[in-house]
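Here's a structure for you.
As written, the chain order gives the labels A, B and C, with residue 1 at the start of each chain.
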């Protein structure tokens, strides 16, 4: 009888202890980072220029450098875990990583599982043409008789179809290189891609220009577990801080808006 | 004795289970949405153009369409519950609705009970005059000898009194129609109202112009319960996403900044 | 035996009650404010113009007035607690204050302990010169042969060293007054300080001009405990509200961007 009671009480206490360590009494993600002195991020194994292993076998990229800068300023060690794209969200939800540092769009579906930071950077869909074309803005292309190229079955093709609906859309298998080639050989009047990709062609293709205006912008951010609110606020505040002091723009200029990183890492 | 002990332990366990299902162990609002596949919003029964029943007896409006777009992108069913304005916050706090989709100003008092999203749209107080008046900006009106009209006892009258204090304020019973009439018949030099309301008069009153600059802006947003942080972040991220890709502006152009919706629904 | 059981159960219940009142079952900071009708802020004893005791012995300043405006709109009493700078974060974490109302930069290290609001205002580092110098932007100073002054061992000196690295940096003991004197006596070509500090010299030093562009911006915000999410959202929403209706700009114009406050309080 005594034994039974003790056991029963022990059972309650045991379950209660388990509860204390797994639910609201568990430390927050930020408290864990402070206690262990380590912040762990999940990154995509090969996703240049956001996260990748460079020509020297070194892990680098925009997201890795931003996370490293934050860890340095916090005075903690950054631990980087590699995943393929599909492994990123599961690694976060299982608690292996503290946050995902990738170029992930905060879609409505993903927001049902994870919580995104405010946008850290944007993927900007733009139109490009040859300098002597006479076009100024991407809106000038939305006219019957103009042909616009984009990679086959890409989001760029979808955007061109929706927003430049009066022009004829020509889709090219492969990548933006095929669209650029079609443009320089006169088979299309203009092309649609994203700003960062076209930046890579600007240095080698003379006369290639980006037309005024973003056709569409897609925010890209990092992601935490829904209950990691302290870490979320810390990430948002930090990005605001380095946006104000110029450090974020420096990183974006090197890694995202230009292909300056290629000479050093590719 | 044994019975007592069992009961006592059972009492602890029972209360503990109750606690687990009502407090921090209860599922979050987002977890409930994911589990049931339904997202429930509280809207105002008749509050065009934000939420109303149109000429065909169909529930529609800006807030309804934004919530429907999000539910579609999430892959869940949207359930719409009608309330009068005063019933909105109680319906949220009692758990009947997951969020309020209305044109609610995040006042300090309301923020003590609910948590607002970032502003989804703005009510902009502007000044209007006849084209040949020679006024360019609302600031040109802040001069002795000028008379400015606004609806009696409205927030527009308050704003005119505070910001255009050197002019004479004339208040008109009824609505902005009375102020517009006073303007066209030459009884006042200019009027004060909000941008969306004046947009409705622009098509029918020739020569009516909106003067440069907002006199005041009032943010309008949706609202969740204070502990629905995951849903709050999902709402903020979704609005950021559709602002970037142009879908929010499309809805605002149709429903809020113009009276385009009237031909279809009124 | 019976006694033992009762005690054991009581121990569980007692601990459980303690848990209920200290952890997730404790009221939130906002619930406490609503229940007591009091909102308590921690401010810096002497930190003009953000928080200070004026010539009449009255507690005032930008942060105090913003918190008072919010408390008035909420219909609660504002309680102000004085601390030296180092006492601010401990007073918050110990629960003595509901939030810190000061000009605190949301550094990565501080974000490990507290959560910052969105920036309420900014400290802007700018360059100043004499009107006849011919310089237009601070970027014009980044040339060999130019000498730039700043307060010794200040963040302004650090910023000048990093961003105007081609110029010669001269550091002056004391404060910005010494740098301004060096400028007017022709010992340096330009100086670096923050916008608000220089605003204080503009009225007395004829020909002193601020060069175009911020060299660096530092966000400044208020701070809450990591679990005070409801209060955090209420603060962010309130600042957005008074930014939109013009009340925040009025306060910033009086207290932060000019020295208008000095005549009334100094």
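To be clear about the criterion, a contact is a pair of C-beta atoms (placed from the backbone, for glycine too) under 8 Å apart; a residue touches a chain by one contact, two chains touch by 3 or more.
None of the values given here were measured: they were computed from a predicted structure.
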Worksheet item: Residue numbers at the subunit A-subunit B interface: does the shared fraction exceed half, giving same, or fall under half, giving different?
Response: different
Worksheet item: Rounded to the nearest 5 degrees, what is the angle of the rotation relating the C-alpha atoms of subunit A to those of subunit C?
Response: 120
Worksheet item: How many angstrom between the C-alpha centroids of subunit B and subunit A?
Response: 31
Discussion item. Touching at least two other chains at once: which residues of subunit A meet that condition?
Written reply: 1, 5, 9, 12, 16, 24, 229
Worksheet entry | subunit A residues touching subunit B - in the complex, by the definition given at the top | 1, 4-5, 8-9, 12, 16, 19, 23-24, 105-109, 111-112, 115-116, 118-119, 122, 163, 216-219, 221, 226, 229, 232
Response to the item:
Residue set of subunit B touching subunit A in the complex reads 1-2, 5-6, 9, 12-13, 16, 20, 23-25, 28, 30, 33-34, 70, 73-75, 229-230, 233-234, 237-238, 240-241, 244-246
